[in-house]
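Structure provided below as structure tokens; questions to follow.
The chains carry the letters A, B and C, assigned in the order they are written, with residues numbered from 1 in each.
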Amino acid sequence: MNMKRQKMIRLTLSYAVILAMTIIIVYPLLWVVGSSFNPGQSLSGSKMIPDHATVAHYKELFDTSKSDYLIWYANSLKISTLTMIFSVILVSLTAYSFSRYRFVGRQNGLITFLVLQMIPNFAALIAIYVLGLLTKLIDTHLGLILVYVGGAIPMNTWLMKGYLDTIPKELDESARIDGAGHLRIFFQIIMPLAKPIIAVIALFTFIAPFGDFILASVLLRSKEKFTLAVGLYDLVAKQFGNEFTTFAAGSVLIALPIAVLFLSFQKYFVSGLTAGGTKG
Amino acid sequence: MKKAVSIFSSLALMAGVLAGCGPDKDTTEPKTNEKNTTTTENGMPPKPEKLVVWEDVKRGVALEPAIKAFEQKYGIKVEYKEVEMATKQRDQLRLDGPAGTGPDVITVPHDQIGQLVTEGLIREITVDQSVLDTFTESSLKAETYNGKLYGLPKAVETPVFIYNKKLMDKAPATMDELYQFSKEFTKGDKYGFLALWDNFYFAHGIIAGMGGYVFKDNNGTLDPKDIGLNNDGAVQGTEYIQKWYKELFPKGIIGENGGSTMDGLFNEGKVASVMNGPWAFQGMRDAGIDIGVAPMPTLPNGEHVKTFMGVKGWHVSAFSKNPEWATKLIEFLTNEENAKKRFELTREIPPVKSLINDPLIANDEGAKAVAVQSQYAVPMPNIPEMAEVWGPMATALQLVANQKTEPKKALDEAVKTIKTNIETNHPSK
Amino acid sequence: METSMYRSSHRKIALCLSIVPGLGQLYNRQYVKGAFFLILAISYYIVFADLLDIGLWGIVTLGEVIGRDHSIFLLVEGILAVIILVFGLGVYAFNLYDAYKNGQQRDLGLNISSLREQYHVLIDSGFPYLMISPGFILLVFVVVFPIIFVVLLAFTNYDLYHSPPAKLVDWVGFQNFIDLVKLDLWRKTFVNVLAWTIVWTFGATTLQIALGIFLAIIVNQKDLKGKAIIRTIFILPWAVPAFVSILIFSGMFNESFGVINKTILASLGIDPIDWMTDPFWTKVALILIQSWLGFPFIFAMTTGVLQAIPDELYEAAIVDGATAWQKFTKITLPLVLYAVAPILITQYTFNFNNFNIIYLFNGGGPAVSGQNAGATDILISWIYRLTMTSAQYSKAAAITLLLSLVVVSVALWQFRKTKSFKEEDMM
């Protein structure tokens, strides 16, 4: 009886905490959604449940004669997708080598990867610009993608290497005895087993470009090449007369696909990240 | 051992080769920049194929007819691109200019001129006296730095008094009247008058009107060593500002996002009047507010509010290969006809003497108010030292607005910081 | 001693010939390989000669003629030239080594392996290098190269009055670092900013970690229903781009018009709080927001670890009469912390450099009297302020360099203490 009551109390408390957290998490998000339907432009006039809900801001975003939002959206999707593909390939190759081979420079390489992700480098934007210039990659999406992919390598290699370390080596060894080559082991044995972490890395590298407005604004010059982050940031960054509600509408449209993606990847996520995290 | 020796010797050999090739190039190198190739032989140099102009965002409409006319007249193609004016034109010119992908003509607020000249990004221009005579004196002064002319003015702006005609019948003549009105009107989320006086750009009007000044103006040359932001007048002005914050302004308009908050409130019809620049007119009208515009009411000491005047000008990039034709282009862009067209299309007020009394401007309430207020306004200092003023002054004003510090103390500290910053970052010239 | 085994001196001849890449291989009768090296060398020279020429000269002099030479561009080209030179030398060294090695084989009277065999050897021993190289090369240009740039910039006098094209930039050695210590202006603010940076890093990160672990444990209880939905909700903050969330929060925390003061606190009967104008409350708001943004990552990871803890551990504990609290402190927490420690350290370094939240929430404000930075400016946002308002590029680079050294050494020291570095096999 006592046990049962204890359990009751414990569960009730747990649900209470969860409910409280849910409100804290969902409230700001709902509020964004709400203000995106508000008529005015300003933050101060916005209400969570608007008196006269309107889809005007969404219409404005989708009106190609008035806003480049759709172009930016397409640009962002393209950049994110390509960044994701390239990153996954390069990270898999690198992480696999670090996990499975013992070669000269391996340990130093790993430490270097670790250190690189800690150094703040926005003082170096000018360097990236000149590099882009020399390679004629300024104002091209390819240039931006390469920068994103390069930046994604260190952290994600660590994550992936950690995960690959948990895949028993006996698997590749027996395959090798059976005569499988390096590439075959990589593609047919390791990669299928690494699906969860690949999913995680794909997700990370897909999302990262959506959140960056600094690199993108240095490298991209023409308005029709902007990414969503750059374009949207411009909407609110204007000191005078910013368009908060339109920004909110734009944000909802960014967050939606990402959230859906996130949630559909969720099951990989927990297993993928954990193994990587625990060992890496 | 022998192996090591031979490897070493080969490395040494290579190093030698490289060392040889380095200095070698001093003579062979002048291919990097061909800036000095255009030499003027009496009159204009050969026409370039095209000129590139950077215009502020959403202002391209005003440029289009002008460049079309220019193309027809001179047969030089002109391309333009919209680049945000406040910071991006400068930042991108820094990169694109030396890279050779920059424009021939840019537009920046005049307070950046000193910095741009120091960095060597824009060049001095020479135009006929007859051209100069068409502009107002104060606007040309703003385009002049160290006694040299660096651009031609395209528009002036200065904050004015804007009111919601539904909530206020007519603009008050004095700040005291406005204060009385505001006392009665401000209630709940309704406000009689709002201003961003924690931002030095707007606060300057009050401070200078009461007797403060940024840098001493010695016949056109600003002295960065003589700062008048904590003199008696400045302190009185700041005390006056503090009074408004204490009694009437909400805290939510203080700080980084205050501007958008204030605009929002006004556009929702909750504010009877604000101090804001002409750039805000359109947004307010779009929001369906019937606005009236007037010069700022006079201060309690009888003086006018000495707002900061900003001049937006056209400048020739130091990287332009055709500076003469670029100068020609900006002369053309700012001539009476094109200035008038610009006003019709963008409502930017040109500092062209003949236009000030033109019915077109005289009958436009907003333009007239700006033109009148401009007479009392002070051009923002355009020397690089000004960069050190904004931050500390914003700090002081914010502390005063929040009622955290006494005006005198806040200003003393700000001036001290400004002076240290100038000494450290701007070694005396 | 070993020389006595050689019957000829092909190795030396091959080595010497390979000073011109490929000749040694040709001498060793490896024609394809020799030709390959030769062509590689020639094309390297053709493609990069100009860059190497200008770059190496530029990085040393930083330009000589005002107007013609843009020091900063030259510096960048110089770094690139050095990187390319290092790559080139690497291949060159390999060419020498290869010629020598094969010559040695001949000296020993062994058959030189055919191209096909060589290929297999290369694939076998070189496979990891082969796999790493694309990523590595990209990394060098995109990540390492900018860092080198910042490091070098710290030793120049690049500021407003030494800005190309009007002026040339010069190497000034350690002058910037000396100024940093000597000048009051820089030193005075530094201490205050550093103090808050440390509080911020530890406060915000620890809170987000604690929250993440705590929630993961609660949700992971066996008899709790609706786990999937709850986990989904708890991951949501992660799914919204951070800059969007921060800007939204900045609106919500507005003192007069934000929902927090106007609706939430008002309905609870609490007086409005000075979220934006009082340093203390701004700091509180920032830490709360960062927790909101950062906990889902920890939550997701911890959830995974918890699911991996075998039930037997708890069952044994129950048999031994352990209380719930003991189970938590003796089993769960150590296992979780042990498992996620390396990732946690990256969370700390992330927040140390978390420019976005500081900049976007309140621009480092509110203002504080008597210092050059806002009350919530952390080191990184202060550097940004310095660069933007005073154009002190080289000083900012010097501070960045010092900062990075500190962060990296602390992090490395911490990492070495975690298990992944101790396990022989892991590294």
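Note that a residue touches a chain if its C-beta (ideal position, glycine included) is under 8 Å from a C-beta of that chain, and two chains touch if they have at least 3 such contacts.
Predicted, not measured: the structure shown is a model, and the values here were computed from it.
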- Looking at every pair of chains, which has the largest contact count? A-C
- Task: Compare the CA centroid of chain A with every other chain's and tell me the farthest one.
- Result: B
- Task: Starting from the mean Cα coordinates of chain A and chain C, work out the distance between those two points in Å.
- Result: 17
- Query: Between chain B and chain C, what's the gap in Å when you average each chain's C-alpha atoms?
  - Reply: 38
- Task: Identify all positions of chain A at which a residue touches two or more other chains, and write them in rising order.
- Result: 43-44, 126, 130, 236, 244
- Counting only residues that touch at least 2 other chains, which ones in chain B make the list? 99, 252, 257, 261, 264-265
- Multi-chain touching residues of chain C, meaning two or more other chains, are 73, 251, 254, 256-258
- Query: Which residues of chain B touch chain A in the complex?
  - Reply: 81-82, 84, 92, 95-96, 99, 101, 252, 257, 259-261, 263-265, 267-268, 276-277, 279-280, 283, 287
- Message: Give the list of chain C residues in touch with chain B in this complex.
- Response: 12, 15-16, 19, 52-54, 56-57, 60, 64, 67-70, 73, 85, 89, 92, 96, 100, 159-161, 163-167, 183-186, 250-251, 254-258, 274, 276-278, 362-363, 365-370, 372, 374, 385, 389-392
- chain B contact footprint on chain A (complex, rising order): 40-45, 126, 129-130, 133, 138, 221-223, 234, 236, 239-242, 244
- The residues of chain B that touch chain C in their complex are 2-3, 6-7, 10, 13-14, 18, 21-26, 29-30, 32-33, 35-36, 97-99, 115, 117-121, 250-257, 261, 264-265, 318-319, 384, 387-388, 390-391, 394-396, 398-399, 402, 404-405, 409-410, 413, 417, 420-421, 424-427
- Message: So in the complex, the part of chain A that touches chain C is made up of which residues?
- Response: 7, 10-11, 14-15, 17-18, 21-22, 24-26, 28-29, 31-32, 43-44, 46, 48, 90-91, 93-94, 96-98, 100-101, 103, 106-107, 109-111, 114-128, 130-131, 134, 146-147, 149-151, 153-155, 157, 162, 165, 182, 207, 210-211, 213, 229, 232-233, 236, 244, 247-248, 251, 254-255, 258-259, 261-263, 266, 269-271, 273-275, 277-280
